[in-house]
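Labels run A, B, C and D following the written order; every chain starts at residue 1.
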């Protein structure tokens, strides 16, 4: 067992969604004391209540997903769909960070790891809302990471794409020959990442080994973006 | 006179704010037919009305400013301040683009130029909301730029900092010796850009000369970020 | 006529190659006093002699091309081919800059514009030497640009790809249906840039209008890279 | 013990220099079978001989250092100093990769990890040769990484700065109050990385856990660059 998150108290949001299930399973295997949260993050008071009730948080895993509306033309991207993406990806991130950081700053120790996206690093059309919101996450992490580093608290983001997960790559899509062809052409490594590979990076960023990583968005995309 | 925007119909938003006044003045000097708008952009219907009432728009200058709350700690950045920045910088950008693009796509000709910020390119602490929102603008422009390029419509952003303007560099700040010292240390060129220099780039991006620029965030910061 | 380079003395290297012919023609049309050089740049003394003999240089256009060996596997890229790319693209750039900068620094005015490549911005396989050398140019320009900005001398680079020129896109290649298909799929704008569009950016960077651009590598690739 | 490099055969170049000593020590602690090389890398034949004589190489650690000539003005950077930096940092990297890759490609398994620099990511003046050469390394790794990924071989680079090592941060410099002040102002984390923290990243990139990292230059600089 890699001792690096052993006995650390790790809060994982949206534990039943996106990278949540794999993250809970593997962090527990590694000996972390996992708080697998599935509560609503859509209001300031809900987030405050979640953090206040969670006790010590050594590591916050901000696992946030949203419909990406891939394929919708920008001219047909209506206000509710647009707004929803920010409501799910961006605003909860600030609420969670804002309420979790004070205890980390006080202890001069803590990590926030965000499961983000590589799409802002290699722009795609028909993905305007999702790109903008994932880009907001990256810029947020960079600014906040630089700000809180002097308290020995580290905030980083995994800028991933082509990682196996039920939210974006359901089995049916994976079996589609057109998708498989696309994967081979677009991703130099030629395959999806397993959840375990993705969580290995999250473990590294959650551990004491990565203290020198500050406000970074680390591409994790099999060479699709770097 | 540089003929490049002569007789082009140019809609400039928030014409009385940020880069608006300089932009209106110089685009008019260059022969553009300027629509200097100062209307409210806070709702979908207001933006739709503005664009529908503006007639032909050859060039949309998305000039959007917001309080940057510089100096506020991320842990003290409250919900209303956070939300306001997105309401002023991000959501109106989508509304304006969404409603202005169809006529440009139909004519197979048009430009959107966004006055954005370089802060996402060189992260600063105590600037979380502003960084995130300006980062969202950049990622939005990259995605939409790539999407609409095949219609010969170009969307680009000026990622600026250290440009003289009343919103962020009022005369009082400029006279402050500490600010002057900071300027010399942080900006390799050692001075603020004049509004005219900034608008020269906007003119270039608004003209037919820049058709090959697609979905770019062009740093404009005297070497502070590149 | 755009007065921005009128009467400026502009040294263009390798005037018979790559962007040279178009650059000479268009800068002359714009009223520049062009020195169209075709001399050898392969030694320190040759470069020193060229610059010493050129008199006043308001603008240095570092137009340098090399075989890109595209398609050669990295494991088959032999020492002479590897070395040649650096000898043609990288070492002459330093020699030219080193000898031309003192007179610019002394006058507190001058520009260096490099015709570089976008390939380092969107990595491609089977292009190792060329990518490395073009990447060296970009990093060189960024460092030198930041260094000399305080003397009001600006050094910038056009990170181009998909620009029509006889060195990389001979007519035969352009007529190839496979190439045309590739162009439509890879380049959001769906076409090559004309030399005139490329030179328009060079003119902008050579003019007094772009003093606030410092040490930048500006993507110019129709949306292929940004 | 972290099993991730256990029993892997790891060739570390310049084992007595830069990150070499710490790298040898820690990889051995982790159970790797280390070949600590100190041979000359200045010719093609020497590099070929080294690789041919090394037997199986699961992981190649390209540890290459050079004088950075920091402080030398670009106008005073003479040919021999310029050339030497490329001779030490860039050309050996290609030779090592070119000769080591075939066996990795044949086994469909292998890693190259380069100790590179973050300086190209945040441009500094008076550092032209070093910046250009370290930038060449980054672009090389990106291109080669993308090329060989389909063979399940991964090539990545640690873009580091502010990491304790005798080559760039001798004890005397570290004791200098001006340096300490500079460190606090420039590096958000406020301290140098220990060699162990740096090697932790190298271990991760050398292990099977990081197969999805392809052609990346990972900033490692305490927030100084990201």
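Criterion: contacts are C-beta pairs under 8 Å (C-beta built on N, C-alpha and C of every residue); 3 or more make two chains touch, one makes a residue touch a chain.
None of the values given here were measured: they were computed from a predicted structure.
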Item to check | Pair with more cross-chain C-beta pairs in contact, given A-D and C-D | outcome: C-D
Item to check | Proportion of interface numbers common to subunit A and subunit B (over half same, under half different) | outcome: same
Checklist entry - In angstrom, rounded to a whole number, how far apart do the mean CA points of subunit C and subunit D lie? => result 29
Checklist entry - Which residues does subunit D have that touch at least 2 chains other than itself? => result 123, 125, 142, 145-147, 188, 215, 223, 226
Item to check | Interface residues, subunit B side, partner subunit A - complex | outcome: 44, 73-75, 77, 79, 82-83, 86, 90-91, 94-95, 97-98, 101-102, 105, 119-120, 123-129, 131-140, 142-148, 215
Item to check | Complex interface listing, subunit D residues touching subunit A | outcome: 2, 142, 145-147, 149-150, 152, 163, 188-190, 193, 197-198, 200-201, 204, 209-223, 226
Checklist outcome for this item: As the complex stands, subunit A meets subunit C at residues 122-123, 125, 188, 223, 226
